[in-house]
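There are structures below to look over.
The two complexes that follow have subunit A in common; it is paired with subunit B in the first and with subunit C in the second.
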Partner chain A sequence: MFRYNFKYESIALLRSKWIQILIVILLLLFGFATYNGQQKTFKRQADIIEANAEIADADRDMLKLLDSVEQGFQVSASSWTIPNAPMAVGNYHPRLASMPPSDLSFLATGQSDMFTHFVKPTASGDDLALNFTEMTSPVQLLFGSFDIAFVVIFLLPLLIIAFSYDVLSSERESGSLRLLAAQPISLYKWLFQKLGLRFFWVAVIMTLSLTLVFLLNQVAIGSNFAAFMGFLAITLAYALFWFALAFAVNLWVGSSGKNAVALLGLWVVFVLLIPAVLNQLGGTLYPMPSRGLMINDMRAIKAEATQRQDEILDNYLRDHPEYAVNDTTQKRSFWHRYMASQQLVKKELEPILIRYERQLEKQQLLLNRFTWVSPAIVVQGSLNQMAGNGNKSYKSYREQVIAFAQEWRNHFLPMLYNNQEFRSENYAQLPKFTFQRPTYQSQSSALFVVLCSALIVLGIGALRFRIYSKKEQSLVNQ
Partner chain B sequence: MIITNNLTKKYGDFTALDQLELSVKEGDIYCLLGANGAGKTTTINLLLGFIQPTSGSAFINQLKVEENPLETKRFLAYIPENLMLYPSLSAVENLDYFSGIGGKSLNKSQLEGFLEEAGLQSGAFHKRIESFSKGMRQKVGIAIALAKDAKVLLLDEPTSGLDPKASNEFGHLLQKLRGKGVATLMATHDLFRAKEVATHIGIMKDGHLKQQFVASDISLSQLEKTYLETMDYKTLVS
Partner chain C sequence: MIRKTIKKEIKELFRDGRVRISIFIVLLLLGVAVWISSRQYQNTNQDYAAARLSEREVWDNQGEKNPHSAAHYGTYAFKPKYPLSLVDQGVDKYAGTSIFLEAHKRNEAQFSAATDQTGLSRFGDLTPDFILLFIMPLFIVLLGYNSFTKERELGTHSLLKSAGARGWKIVLGKWIALFLPVLAITTSLLLLAGIVLSNLPDYGVFQWSSLVAMGLVYLLYYAVFTNLVLWVSHWAKRSGISLVVSLSLWIVACLAAPKAASNIAEARHPYPTRQEFAANVLKDKEAGLDGHNPWNKEAKLLEEQVLAEHGVDSLHQLPFNFNAYRMQKGEEHEAEVYFKQYNYLKEQYQKQSGTYRSLALLSPFLPARFLSMGIAHTDYATHWDFSDAAENYRIATQKFLNDNTAQNTKYGERGYKASADFWKQLPAFDYDPPCLDKVLENNSSNLMILGMWTVLSFILLFISTKKI
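And then the complex of A and B:
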């Protein structure tokens, strides 16, 4: 039976105008999504290049100015900004801490719509100014950009539904099912094979499309083979889940109209409703503390620290005797007091920030605990991760930037408290930021979850076979 | 070839078929006549195993249908009132598909041979079914039966909607199959065609087989009169 099903189902599919239109739509969607993803990646890359160029220009000007100062010329610049003062360099000539797009960035925009990809940590700035605490729930981004991930998660299921909602019912409605049922074949096997063949062709089209997408984006499949295979595997597993749903609905529901409504209803539940409910639930169970109140608290702490700057500086120098010993002039400026108070402010702000972070972590934990409920969430998370735009990538970027900000600050503090000047030869020693991309992590657990979901749904379909095993032919009269 | 013993089908309180006793032997063409709802299609559905009997049993080639739903189908072919084949496939492709999934692998010349035997013009062999008339589709249905080498042919109103020529051709095809020893059970409203092709005729009403006789023992007018009397169409008889 399989050979004939394969041969004639393939011929019928190739001759069906409806299927031809669906395939063209799928290819167009992939094409547009690739273009869109590419544009976003190019823009991100261009923004980083532009920011780097600005820094290079500013550095050139700074070095010229520094050279003039070192040669004893009078310079026309505000005393605060003359780069022989370490804090002027630390504050007005920061380095760029950027997260360039990965090779696969175009596949899934993920969190990249929400966060900046480059920041310039200054010596006097606090970590909060880096704007990383805005991170809310990642499911919010399920309604995001028109990229390949969007096509896979939102639109591919709709195409599969259009491809499979009436596999059994159309045969019943046209009358050909009676003729088929009069043959010595199992209708369950026949239906399973028919949907299996449609899945096979969708898999072939998806594989070819994704290969083409990779080639068009000049992504070397060889060096990204694990990611390519991972991407393909999770996409096909997700397609299998929707075919499994179509199998179960074809067996359990009935007419083409009812099947279509049932499958579209399931699409709304799995793709829209569950992610939205989880998102809302996270916010309701673990609400984020008011950002306004947090800023007020911060201002109060900073104002208090400003009033007590002399006392704070004394305490700070007591804690850092190396600065007091090395400095014979004991000259203390605004920056000495400010930087000392910054340390205190940072310590006092910590509980507030931790409270903020904990709520965020709880939201994330809740989401992680229930992602299995919807394969759409699992696949979105996995594709974001593979594209280097997921939670883990941004968390790692944030940690690296905070560490770099500390390194930048620490680079200037000894110069400040030892009252040393910044000189041209110190320029080469300025810390530089290089983003260390987290190594590619296998998405096998996500794949396992999606495959399990598909198997469970297939099992629900097969349950009908078990319940009605002696009444298989009742499918004809359903 | 076809035997039913006390075959009964009830839907709740409604009895669609009541204790049907029927026997169609090799080379017989048994026509079941009756108004809509008489139980003709129910009989065919029970023989196909599409529905389960409430009581009694049906046998195809000595195999109980209920217990051997797939095995009995190896011996039978079925042509419904509206034979719906795959419109995007040609006659040869449809025949190849239905033969193939049934376990019979045929080459191109064999497929064309069966279509020719069924009376389909050779120019239509490779045309898509979507352009076929009902008569042409019925011929493909007969070709499927021929290719399957079916011992039993179940026909549900096969000539309804056919023009007289197509209906006549269909009658000839049934005679050809009869010559091959096929046992045919045909549900029909067409008294004339029944008298033309049948070896035996039965008249059903309200799920009961009211009358049955050998076709050659009765004239067309007698058949019509008996039919109308059985149906209680008294005004028309008078």
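And then the complex of A and C:
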């Protein structure tokens, strides 16, 4: 019976152009999304390369200038920019701290449209002056990107709903269900096979079209084979979840119209409402302190530090005697005072700034605890992670940059307080930044969660079988 | 005939469990959304008032200080939230809320709410605009997809025909019956919002006329959907097909088109990255006068010119402090550089808007979205307007400070400090968003496109249903 069901259903799907339509739609959607994502990735790479080239150029000029100064020539640059002063190098010749895209970055835009991928921390700048947001039109952020994650999370379920909401009810409404009921197969089994077959075709078409589209768009599948398989697995599990929902709704609800309303309602709940409510909940339970009031605090700290600059410098040198040991001149410039008070400001600002990261962490924790409520959230998190564009990546990047900024500053402080000159041979010792990708949790837990939700929903559908097992007739007549 | 059709359709709708449940859910969601938004609105405005007050206090109590040090110390402009953001949050979440105003530099607005949220926030928020823009059209699809197909499926179609019913009368009846619940929900939501807003203690700029305009935009938007859904239902042979087609229209208009538009707009008219922008500004700045650097080529030229103008041969003989004068001239040059570079951004944004407008031919969602945000003062144009106003204030502040130094000191004099009560003389930053007429004028093309959608979809519906 299974063989017949498979064969004739497949023929019916082909004749009704279901399969052809699905192939065209999926190729178009995946194709457009992948193309968009890859364009963004290429631009991001190109931007970083260009920024690096700019720095290399500037460095060449700096070394030339430095060489002239060391040879005792008169140079025509403004006095405070001449690179024999360590602070001039620290401020006017910053290094690039960049976050290159991962190979699968195109999968999900995530937060990559909002945050920047390269900053240049200077020696005198404070951590607040590091702006990690990118220049983007907020309209674009509001609308979001047409990426693979959007197609999978939002559109795929709608396609599945459109093709499976009336699997049972249409047979009932056209009268063919009575004929079927006369066949030697349980209606539950028949429905299960029918939806299973549709899932099979969706899985095959999706796998093939994704592979084709990725290959056409120069995605390095070969070197990311495991990640690619992980992506396919989670996507298929998500599709399975929606088929399971369609199965349950077909059994529990009734007429085509009601099925459609129920499934679309569930789509709105899982894809739109639960994420929005969880987000709101996080914001309400762990509200972000007002940024306006943070600015007020910061201003007060800075104002005080400026007034007490001399005192701060004295205290600072007392705390760091190592800085001034080799200094015989005891020369004190603007930078001596400024950097000392800047260190103090940084220390006092830290607890204020950390509040924001802490609240965000708490929101994220709450979210992690409830992520299973909607498979859409699980899949979003998982795709963002594969793409390396999730919150975790950007948080890690921010932390690494702030640590690097401190390293950069610390590199120049001894030179400054010892009143040492920056020389050509010091150039090679300048600290450099390389982004370390954070270690992610494994994808299998996400996969497990989505599969479990699918199984639970299937179970709910099958429950009807247990409750009404004697009254299969009720399905036919309803 | 029309009245009878309306009566029959409405009765049928309300008998149907799915419609009752849908209406209940939509109303519940709307209630929750308005409640959440009004709380948020109040919180944000309290913070805004506190931050503004405190920042002004910091400025006023700087004590004796050199005016140019005060210019570097700078001040902040905070962006308020406007009453109708209660209904439509627009891009507020993604646009910064405070701008640092300092010497020599135009800064971008910082600290958008979205950067302080988890990745989940990108799914969207439960706000009234989400329901008005996304859920209501879906509601229309669900209510109306079988409006005609059911007549065929139940066999009442031939009865109608034999009764000699006129096509347009039946269509009009069905149209009104479908539109009435939508009208009721929209009106009650806007009324609720209006009442909440007029009862807030500091509702200041709230105007009922804006609310009415916004309501009209939404009603036009829903009329388009009603037309399309009825047209599809008339055209399709079976309810199933009608539902899938109407649903696809909804997906394309509300979900896919905005995202695709945003990708296309960005690909065709990209913004520079923050680093590129900074590099361009620096390049332009270096080509001109540097207020801090008397050895700069442009500075030397300025010196010669001023000396010639006043007919003296040394800077000491000038009636004002030339250093401060040069500082002000440098400031003006920098302001020009920023004006040019920000104008480039604005041009890119205008071109992007053009892309959105041309894609609005595929989606009535786009003009409705832009109009609604515009009226609520939560669109990008209002953000630009605010940031321009802040920049003008910054330029005026720099002049105010440099003039004080120029008038009170002599050339070469160092260590001048303005008195402690001087800072209070700087007028406070105040910003009023453009009024409704201006917003509608700026959005006239969106209005036109939405109007075109309405008219064309009406024509399509009534021509194709001449014969039922």
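Just so it is clear, the second predicted complex is superposed on the first by the 452 of 478 C-alpha atoms of A that agree within 3 Å, B and C clash if a C-alpha of one lies under 4 Å from a C-alpha of the other, contacts with A are read in each partner's own complex, and residues count from 1 in each chain.
One rule holds in what follows: a residue touches a chain if its C-beta (ideal position, glycine included) is under 8 Å from a C-beta of that chain, and two chains touch if they have at least 3 such contacts.
This one's a predicted model, so the numbers in the text were calculated from it and none came from an experiment.
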| item | value |
| --- | --- |
| Partner chain in contact with A:V268 - subunit B first, subunit C second, else both or neither | second |
| Subunit B versus subunit C as contact partner of A:G125, first or second or both or neither | neither |
| Touched partner set for A:R15, first subunit B, second subunit C, both or neither | first |
| Between subunit B and subunit C, more extensive residue contact with subunit A | C |
| Contacts of A:P86 with subunit B and subunit C, given as first, second, both or neither | neither |
| Contacts of A:I377 with subunit B and subunit C, given as first, second, both or neither | second |
| Partner chain(s) touched by A:W190 [first = subunit B, second = subunit C, both, neither] | first |
| Parts of subunit A lying in touch with subunit C, wherever the complex brings them together | 32, 36, 39, 43, 47, 51, 54, 78, 110-111, 114-116, 118-120, 131-146, 150, 154-155, 158, 162, 165-166, 170, 256-258, 260-261, 264-265, 268, 271-273, 275-280, 282-283, 288, 290-293, 295-296, 299-300, 302-303, 306, 356, 359-360, 363-364, 367, 376-377, 380-381, 384, 390-391 |
| Of subunit C, residues touching subunit A in the complex | 17-18, 21-22, 25, 29, 36, 47-48, 50-52, 54-55, 58, 62, 73, 76, 78, 90-91, 93-98, 108, 110-126, 130, 134-135, 138, 142, 146, 239-240, 243-244, 247-248, 251, 255-256, 258-263, 265-267, 270-277, 279, 290, 293, 295-296, 345, 349, 352, 356, 379-380, 383 |
| For the subunit B and subunit A complex, residues of the former touching the latter | 45, 48-52, 69-71, 73-74, 76-78, 80, 82-86, 88-89, 93, 96-98, 100-103, 141, 154 |
| Subunit B-touching residues of subunit A, taken from the complex the two chains share | 1, 3-5, 7-8, 11-12, 15-16, 174-176, 178-186, 190, 470-474, 476-477 |
